[in-house]
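Two complexes come next, and they have one chain in common, subunit A, joined by subunit B in the first and subunit C in the second.
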Partner chain A sequence: MQSDTIHLIGVYLKTTAKAWFQYRVDAIMRSLAVFLREATGVVVIYLTLMKFQDLNGWNVYEMLFLCSLLFLTYGILIIFFTGLRDFGNTVRKGEFDRYLLRPRGLLFQIIFVNADWFAAVGHGCLGISLFLVTAGKVGVVWNVGTVLYYLFAVLGGVLIQGAIFLLLAALNFYLLETDSLKELLYYDMKKFAAYPISIYSKVIQICMIYVIPFAFVNYFPAQFFLRKQDGAVYPFACLYLTPVVGGGVYLLAYLFWRYSIRYYKSSGN
Partner chain B sequence: MNLKPYIAYARKSFLMRSAYRFDHIMQILSTCLQIFIYWEIYRSLYGSSIEVDGISFGMVTTNFVLSLGFSAGFYVNDFYLPQKIWDGSLVTELLRPISFRGRMLAENIGNGVFSMLFRFLPAFVIGVVLVGICPPESAAALGLFLVSAALGYGVLWTISFAVQMTAFWLVNIWSIVTIKNVCINILSGSMIPIWFMPEWLRNLIDFTPFSSIYFTPVQIYLGQLSGREIAGKCLLQVVWIVCMYGIGSVLWKRGQRKLVIHGG
Partner chain C sequence: MVQLEYVRKFILKDVNLHIPEGMAVGLIGESGAGKTTLLKLVSGLLVPDAGRVSTMGHDPGHYRKRYGRAFSAYFTGIPLLEPQDTVRSGYEGIASVYQMAPSVFVREYSMLTERLGFGEYQNQPVEALSLGQRARVELGAALLYRPRLLVLDEPTVGLDQEAKQALRDLLKERVEQGMTLLISSHDMNEVSHLCGRIALLHKGNLEFYGDQEQLHWQYHSFHTMQMRILGPLPDLGDIPFQQYQIEGDRLTLVYSSNYITSAEILQQIMGQTSITELVIRKADLGQVILRHSKAFLE
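Now for the complex of A and B:
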């Protein structure tokens, strides 16, 4: 790590934020639109549970607490991983060549040169407001241990999703187009994760735990606090594994990225 | 009026859409997954109860298969006009001896037919096999359902038509379009059946065009409406189409006077 790295990160963050918020009214409108778009699912859950009281034992506040983790982690994730989310475009336009020429690590640049601030604000605000509304109502006792657990769970959740983005980005070196794959492996799986995984059939549960470990982003951390009955069928250790799974899958994705980068062929001219 | 050029536009956009096959397969899969998720959720919510408020689990499933299927099949390009304003090509469009609004509709119909055939139909068939749906109440109900579905598409399209016209005044309408789609997603009953919404919200929805899009056809399909109610609801769909198209057209006429194109 070079001595001016921190300074460089600061400059990058400042410039991207400036660029995204150049047109203030538009930026606020866009952030609001993202917030509302994401709130759609929340409103649907709220309305559904007003009618049915509980879903497999989860009441409305517990369900929204589960969701809050999903939005909060995405809000943080997107500040850093926008470059990986949009990596397909970067490769197709030949812009990746520019990164190769700069005297810094590739992943470092991808992570810090861009940030989707509208998504960060939209998802982040939604996550925080859901957390504030629900945290008091689901009976969580906050002490040093639980606060630390929460922070590590959020970090783990960010890393798990970051690993999926990194894996998909690395696949860009082999495939021309990964947008549809991203839709399936990330966005569709995320839709499943908005509800307790115990309501799904076995195949999907296994998929959510072992294949694309979304269950560790929000279900198990929420279970740690709530200890709902439906969680009894899963290994007890799962409640504590989020940071480990996060670190593990991120490392795997990183190794795959390092391996794949050799196969990069420029599309530029 | 000579329809030939419009038919050519419709045909052309149909053919253009056939180019991206892989994308369609993924889209179909995505729709099926969504239907499946809601099916799983409601299966869990229903548990052992056969009916909730007189609505059976089968009816809920039917609502999701049809309305999520339709939302995949009802093609709307919210940025058709805005795109042409941004890149300035609207100027040449206006010089052509055909109606721009006619062309807009024609291209949309071409795309719509494609989406119905290659998005709605596969998703519908998979949905029926995977989760099953109630059969239509009667042959007549099926016929009226198809008419009402076509009208529902009309409502969806004319809403988009009216919203797009604001692009004459606003540089960026992405936010407005997104908020419009949020309203449609929540209030049309495609994500939570309107039956299960609280009373006050249902009363509110009665004053909006949103339940005319998917929910009216679904109700007709399930035989929930009497003959008179069907006539009333379909008339309401027509009224909304006329209203939205009227608003859009007024904006279109005013917008043209205000039209500013950057560069050239």
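Now for the complex of A and C:
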């Protein structure tokens, strides 16, 4: 990467962070609101498991460890992929034209020009909190290998979710509205991913492994550390594939984006 | 610098246009004539259905990275600055995109804040500014990195008189320094002051492309001559005037310079009587266009 590109990324990140946090109290309150909203879902899981002891062999701390990966990856994801998450709105408001006027890659601009820092802080802090609470209680032995695995798993998880956003963004060139599709393909899948996939029907499991591979965002990485019984039915290689799946689906989504962008039409006036 | 060959898109029909480097071209015509479409084609925001567009030697839709640092465009409705950024940080972002040296940025930014008068609100988010304030900062952003080719679509919408004058002066300076300018505007005063050439679009056809003198000639631009006469009223029988008016000792003649020159009229009148005061006015660009539009409507 050229030094001016790195410099530009720095400028964009600094600028967006400055813009989002210019009113500090407001920023803290809004980040806290995101944290508490998401934490409510975690509390529901916690209270449910207080009643049932475990879910398909997963105890409460293991479940929260599973959730921590989901929140942490989303917290990182949204620093870079807010522009893609909100891309439908950008196209509808005619703001995509501004990126076409600049001498930089379109995807580069969309990725780095905007960042939902409130969501990043809210989700990120919740993910880190859950990790800190659970990491010592789920029996994971932390060494260089497991730490490296964890980092690559987080990277892969970010890429998988980024690929879904990129795919949905590219669909905006064909469809007038993709919000419902985003709800179905991303947010509903993310809700499913808060629980071990083994509790779902075969159709949903296949969907989460082979179609919208959310299982690789948190379930298989968590299985790598926890080796729960329910994971025995899936190919063993799945435990190691998160970075590969992440890179692969992101590449596919990128190629689809490159192909689709030719269908973008600006208005005459 | 810009070339269009038999270009068709939306309302535009087989438009041919060549703009040499350093030329300022005013794009005029009624609403819906295809001005914005033409400017978007030049900027690479639209792709022609037929024909070819070349901007700075490249297909503008595909090679922006190669020449984009020397190109700038301003369209109402396509903001250059991110709405949540402050004016200053938005400009810093643009400076990075266009790889401006820090010292050059500081110099250009200070000059623009002073000339366009947005220093007062440079630390406010762009989305908090009024329409006029936003237009000032957006236009400044388009000029920041000193492009070699500048495309402006209706740049004076929302600007007050002071800002209009400041923008006009800035653009004039840049054109004198060699910048190529393609500007669409309904403000004929602005176009006639800035542009060496006029491109007149009417319902998607390029009706005229040339300098202002040619435009006056082609559209039979009328001159108005007002004089105060001392002595008898002259016989105007041989003068091919469009209309005349006599009020006391004041005589007003409207005529086309295509048929008779002002000198010939004066020669005829002064052979018959004396003139104490004389004012000759050429039709301004707005009047020529108005007349042209009426002719089409008729």
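Throughout what follows, the second predicted complex is superposed on the first by the 264 of 269 C-alpha atoms of A that agree within 3 Å, B and C clash if a C-alpha of one lies under 4 Å from a C-alpha of the other, contacts with A are read in each partner's own complex, and residues count from 1 in each chain.
The rule we apply is simple: contacts are C-beta pairs under 8 Å (C-beta built on N, C-alpha and C of every residue); 3 or more make two chains touch, one makes a residue touch a chain.
What you see is a predicted model; the values in this text were computed from it and never measured.
With subunit A as the common reference, the superposed partners subunit B and subunit C fit together side by side. In the superposition on chain A, A:Thr48 contacts subunit B only, with no contact to subunit C. Contact with subunit C, but none with subunit B, is seen for A:Gly94 once the two complexes are overlaid on the shared chain. In the superposed model, A:Asp86 makes contact with neither subunit B nor subunit C. Residue contacts after overlaying the shared chain place A:Thr40 against subunit B, while subunit C stays out of touching range. When the shared chain is aligned, subunit C comes close enough to touch A:Arg102, but subunit B does not. Shared-chain residue A:Trp20: touches subunit C; no touch with subunit B. Once the two complexes are laid on top of each other via chain A, the angle at subunit A between subunit B and subunit C, using C-alpha centres, comes to 90°, given in steps of 10.
Distance between subunit B and subunit C in the overlay is 11 Å (nearest C-alpha pair, rounded to whole angstrom). For subunit C in complex with subunit A, the residues that touch the partner chain are 9-11, 32, 34, 36-37, 40, 43-46, 64-65, 67-69, 71-73, 75, 77-80, 82, 84-86, 89-90, 92-93, 96-99, 125.
Contact residues on subunit A toward subunit B in their complex (touch as defined above): 26, 29-30, 32-34, 36-37, 39-41, 43-44, 47-48, 50-52, 55-56, 177, 180-181, 183-184, 188, 191-192, 195, 199-201, 204. Considering their complex, residues 4, 7-8, 11-12, 15-16, 18-20, 22, 94-95, 97-98, 100-105, 113-114, 265-266, 268-269 of subunit A touch subunit C. In the complex of the two chains, the subunit B residues touching subunit A come out as 22-23, 26-27, 29-30, 33-34, 37, 40-41, 43-45, 52, 171-172, 174-176, 178-179, 181-182, 185-186, 191-192, 196-198, 201.
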